[in-house]
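Same chain, two partners: chain A is paired with chain B first, then with chain C.
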Partner chain A sequence: MASSQHVLLSPAELSYLHSSLSLTPPLRPDGRSPTQYRPLSAETGILPGTNGSARICFADGTEAIVGVKAEVEKTKRRWDDDTIFSENNHHQQQQQQQQQQQEGEEENEGRNNNDEEGGSSDWVELTVEIPGYRDDDSGTVFLGQMLSEALLADGGFVKRLRINRRFHWKLFLDILLISPPLSYPLPLLSLTTHLALLATRLPKLKSEGDEDPFFDDDWAAAPYLYARDPATKRVAERPPVTLLVMAVGGNIIFDPSKEELAVADVVLAVSVGDDAQGKGEDRMDVDGSNPGRNLKLLSIRTVDPPSRLTPPGVANAANSAYGHAQVVNTGANQKMPEARQTESEAVEGVWKPPRGGAKAVVMGALVQKVLVRGGVADEVLDALEGVDTS
Partner chain B sequence: MADRRRINGPPGATMAPVFEDDAGQPEIKNGKGRDRAPNVIRKTFLKTGVTPSASGSAYLEFEGSSKSGVSGLKLSCTVHGPRSLPRSSPFSPHIVLSAHVKYAPFATKQRRGYLRDPSERDLGTHLETALRGAIIADRWPKSGVDIIISIIEGDQDRETSKSQGDETWDMMNVLSGCITVASAALADAGIDCVDTVAGGVAALVQDAGEDSTPRIVVDPIPSDHEKVLGACCVAYLPTRDEVTNLWFKGDLPASDAGLYTQLVENGIQASRNANRVLVECLGEATS
Partner chain C sequence: MPITILPPKFSHPPPPPQDISDSDSDLSSDDGGAHLDFASLGLPNRKPNPANNPLFTNLVTPGTLITPDPQWMRGHGTYIPPHTTHITSSLAGIITRTNKLISVSPLRARYTPEVGDLVVGRIVEVQAKRWRVDVGSVQLASLPLSAINLPGGILRKRTETDELQIRTFFAEGDLVVAEVQQLFQDGGAVLHTRSLKYGKLRNGLFAAVSGVGGGSGVVRSRRQVWTMEGQNGGGKMDVILGVNGYVWISKHVEQVAKELEQKHMGITNMEENVSAGVYSSQNDPIDSDTMREITRLRGVVTALVENGCRVDEDMVIRGYAEACEMAMLSETGPEDIYLGGQRGEELTRALRGN
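Right, the complex of A and B next:
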């Protein structure tokens, strides 16, 4: 589904909306503050047949469910892999990893060394289904690619799916929007996916080394895909979230509704992750005083603002019904009446769809606003932490 | 009388060609890699009006890398329209833009099917976003334009099998090429734009070697570098100083905002360079 679905608003309504959103502070149609998300209700573990699932319902009536299924799959070998495998070697590596986990600071170094053991991006398959739109609709594909891009950006996620050198988990993320798309569903789908991944558990591995995998059949013993800290029951590292943010007349607005998108100057989808590095220091003062997260920027995409497709208004000065003399032009103007009309100066209160792009500075400001410590991304992650995912 | 019943070999002695092994290959891979300055884009060939039956068309080619086995990107773009929309479609006060990007089945190392896969559709959406900002859409109400790009050859290293993960970064290069070539084809078709939009890529790369620190380069070839840490593709309108499409991918710490800004600035610089090629090509075509 495209962000550019038709909004049935007249030019006069669009102009009114644009000017009220350009005020300081902006007046949003639903009375939210510029950084406020729509209220939502969330629950996890709703689908017993999946490895992890979540459902989120926004206050405006849009609702999404996500189911995560995992399958064991054989890892494809490339010809230049050293196919000789020694048990000894592997044990050493395991020991190394354990050591690294104990000394949190060395973790980063260990990652670089283990790069060869990273996964491949086709271990994750993500599909988005939106009622009323085809699976191969460009908008639906765009949404799916955006969500999977955020997930795969740092390569850390696929490493979680590794079982041993011969096998890995293949993860299927199925994202379903249940309600009709009343607004651009990106924030909703991203938050739901986040929760579903947090709730995902994979069966406990019993086999060792490079044997064919053999799992514990006790589901209660299954570990989470995103491991919990045994002491605090908090999730150490969290999946990414994608935030939708738009700029209109100098104001920055988060989680815009469909009507607000219709007058946007520029719309960005920014994916942020929770950086695990430096977590060691945070661990020290876990007791309530939240120093803010170490966020990292994973991806940015420009979403085509639907405002470009809105109908333009006609100023009274150019409207013959208001006494505008029709034949006053000569030459080129006469040949192209449309051109004459649209080239006219911007008039206060007459809607003109935005033309051209946005200044790089404006885009930079949008991104900065997302990433700022203690900003909206932090708030969203904190709020999601409140959801019971066990 | 010669023997006419059989097909005989040539009368003279022939020698089967023997090719020497390219022994220098590994050294080049590890040692040199990129042979351009970090702020220089590859040489670009651009020509408009290559497909007579389309209302506008353009062909773009990037120079390959210095390594053998890496060929440059080759793109061909045709623009059909503006033409009236079919009767069944709803009224539109603007031109309806549709962009199709398709890899030729033989363009990449792994064969592509004839149907567009999600990554190609994704490229199409990006391209549409980039162009929609440039076109003056309200001059053609009730009409549509189709932009069709076929990627004849992608720039991939065919010599090694070890280019895992490069495909995702290649998409950025392809998108920037698509934007530039589509912009040229739109100009060739005579569709009004606020400015010529061109694409540019900048990436934060890590070179091979012990003591190399990450650096920012424009127009990267992923196989030249050990690792690409992040990249951004920018579609930029130089006279208005505006960005119509920004696509960033990677893994940057939020605390280092300067790095992101630098990447975008370098992307804009790359796009300015591509734009010079574009303007020169359009100038040649009109003179």
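Right, the complex of A and C next:
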């Protein structure tokens, strides 16, 4: 998959970082615990012209802004019937349609049901802008893909955009990184998007049924896209969030910084969302004894860690610039000035970039750690909910 | 507590206490009735208003007219357009006034090299006879092959073999500590590493704290390099504060003494000996306690910068002592090395209180 940006670190630094991150517990260069996020400051409602907006800053100065704009759009229909077509399930639906035509009249109800609920992934348009990178840069496109994939994965999000059978909201998400990308910006962008969606409100619908939509002028009456429970003021179901997780040695580290990514063995972008279905039953079962919520895995992407592109270190034994004064068997090394390029056995204190693929066990452990009840994903979602969105 | 979300705050501290109200009264009661033309610029009221952030009361952007009065002298960060007497800001920064001199101190600035500065730099490019080094300045500095200690003795002549093997000394990404030897007209710097103190860096952690204005960051001081004792079982640590705001914190290695011991060589041959290990990119074994203390020290440096304190020997040593004390009082004891966010604020508050 698309790579994160190249980092320039010396082999000695990389070796140090790798060994300090491989300790138990790992020592991160900024002193955080393995599951700790960088402290951030957040606010919503910063762009008056949008339906919802948010801004998040890290202490190091990285900053992102997300604006959500909504527009009423006519739902695309086929000339011959009311089936909604979308790019994603075009084929499926075509097949369905064929089946339905074969199977005759009785399927009509089913199709209508489908029509009631369904949405299309092109109701959401998401653009990412990273300063210093082109819009069509592979990294930027990849970021956009990951973020939109998380939103569209289970189809639950687009259902919210439906107005009636003929109209829907089209949502434009503009995700801007304000500062140069000091670290891989995925967690920041995802958190900001999440917050902006939580703060998004759409005008209140006054018309009924399939007539042309007509809205309430009063912005104060506009409901949130993610409805709040009137009693608890809590969001019933929340937008997805994408977490960046990496593994070094046996340690699993959340929200890695640039230096940490530079020595990562595996990096995963895991998108999780609320599991709406499981929740009802589960709440009754657990009866509030477990504060954690049911999390649903929406998507996983592996991110190519920059560690694989880093230059290997040279052991003192192979270093022709080392120990000249001592004149200890440097003769052989003298003849191979390109010693730096040759791959050598692992030597303590010498950086060796990770080779080969990620182990399935490690990947499994990473995902497990994200999805654990009351774990990091839960706390991140709770913390984001705590931000004032009014 | 894996995540903390705070309400937004202003990222820069208020300007140092050469007070606005003070300069105000000065200006109005001053002879000649000179006035800085804030009101006509639509800038916020000069009078200190607690509702306004004091930072913005005399903040200017490039091209802002500061005063049309010819009795003021223009200082750094300002210019006078031809055929006028208007002092105009050329930077985004805060107006400072010393008697009749008006200057603008930038909010953020890159490092301007000066001869004799100790800098930490990162090699970004290897050319035929020199390296280009990133020192956080506007331009890359250059480090000529002739300005390094070649292995095998300080007095050796540079040969073609050395040119061919240039990458074995320093390659892309390597960190070096060097001194600014010479400046070009355009502000570009030439570095040298012809001393035992200088050369490739290893066994430690890097932190870049450059580009922050407003009195924080590394300042030129008497000692930029020192060795300090680690607490909580950590060994000795070396700290290098590059004037350019690049900081290196590493385990202290008694290279000289060790090699002299091994080789039974006199002090006269020391140069030769030391140059042996200077191009190594292999880390020495470092115990986890020392690693922890190195990380803590790095946390102190970044916390100081994030909270607008200057970084020098005194502040770092006091900050480190304070951080150790804070860790002792916390639940996890010395294992607690986190100094970001609110903990960093606590730390700097304690330091300022002293």
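Worth pointing out:
Here, the second predicted complex is superposed on the first by the 312 of 390 C-alpha atoms of A that agree within 3 Å, B and C clash if a C-alpha of one lies under 4 Å from a C-alpha of the other, contacts with A are read in each partner's own complex, and residues count from 1 in each chain.
Rule of thumb we're sticking to: a residue touches a chain if its C-beta (ideal position, glycine included) is under 8 Å from a C-beta of that chain, and two chains touch if they have at least 3 such contacts.
Predicted, not measured: the structure shown is a model, and the values here were computed from it.
Model built by superposing both complexes on chain A: chain B and chain C fit together without a clash.
When both complexes are overlaid on chain A, the residue A:311 reaches chain B and chain C alike. By the document's definition of touching, neither partner reaches A:179: not chain B, not chain C. When both complexes are overlaid on chain A, the residue A:347 reaches chain C alone and has no touch with chain B. When the two structures are aligned on the shared chain, A:153 is found in touch with chain B, with no touch to chain C. By the touch criterion defined above, A:75 lies against neither chain B nor chain C after alignment on the C-alpha atoms of chain A. Contact with chain B, but none with chain C, is seen for A:367 once the two complexes are overlaid on the shared chain. Using the contact criterion defined above for the overlaid structures, shared-chain residue A:144 touches chain B, although it does not reach chain C. In the superposition on chain A, contact of A:268 is made with chain B only, not with chain C. Per the superposed model, the minimal spacing between any CA atom of chain B and any CA atom of chain C is 8 Å. Overlap of the chain B and chain C interfaces on chain A comprises residues 311, 339. Chain A meets chain B in the complex at residues 6, 78-80, 120-121, 136, 138-139, 141-142, 144-145, 149, 152-155, 268, 272-273, 275, 277, 294-304, 308-309, 311-312, 336, 338-339, 342, 353, 355-360, 363-364, 367-368, 371, 373. Listing the residues of chain C that touch chain A in their complex gives 1-9, 11, 122, 124, 151-153, 164-165, 167-169, 171-175, 200-206, 263, 272-273, 275-277, 279-286, 288, 291-292, 295-296, 298-299, 302, 306, 335, 337-342, 344. By the touch criterion given at the top, residues 90, 92-94, 116, 118-119, 121-122, 124-126, 128-129, 132-134, 136-139, 141, 161-162, 164-165, 168, 194-195, 232, 234-237, 240-255, 257, 260-261, 264-265, 268 of chain B touch chain A in their complex.
Considering their complex, residues 8-13, 15-17, 19-20, 23, 25, 27-33, 35-43, 55, 57, 59-61, 254, 310-311, 313-316, 319-326, 337, 339-340, 347-351, 376, 379-380, 383-384, 386-388 of chain A touch chain C.
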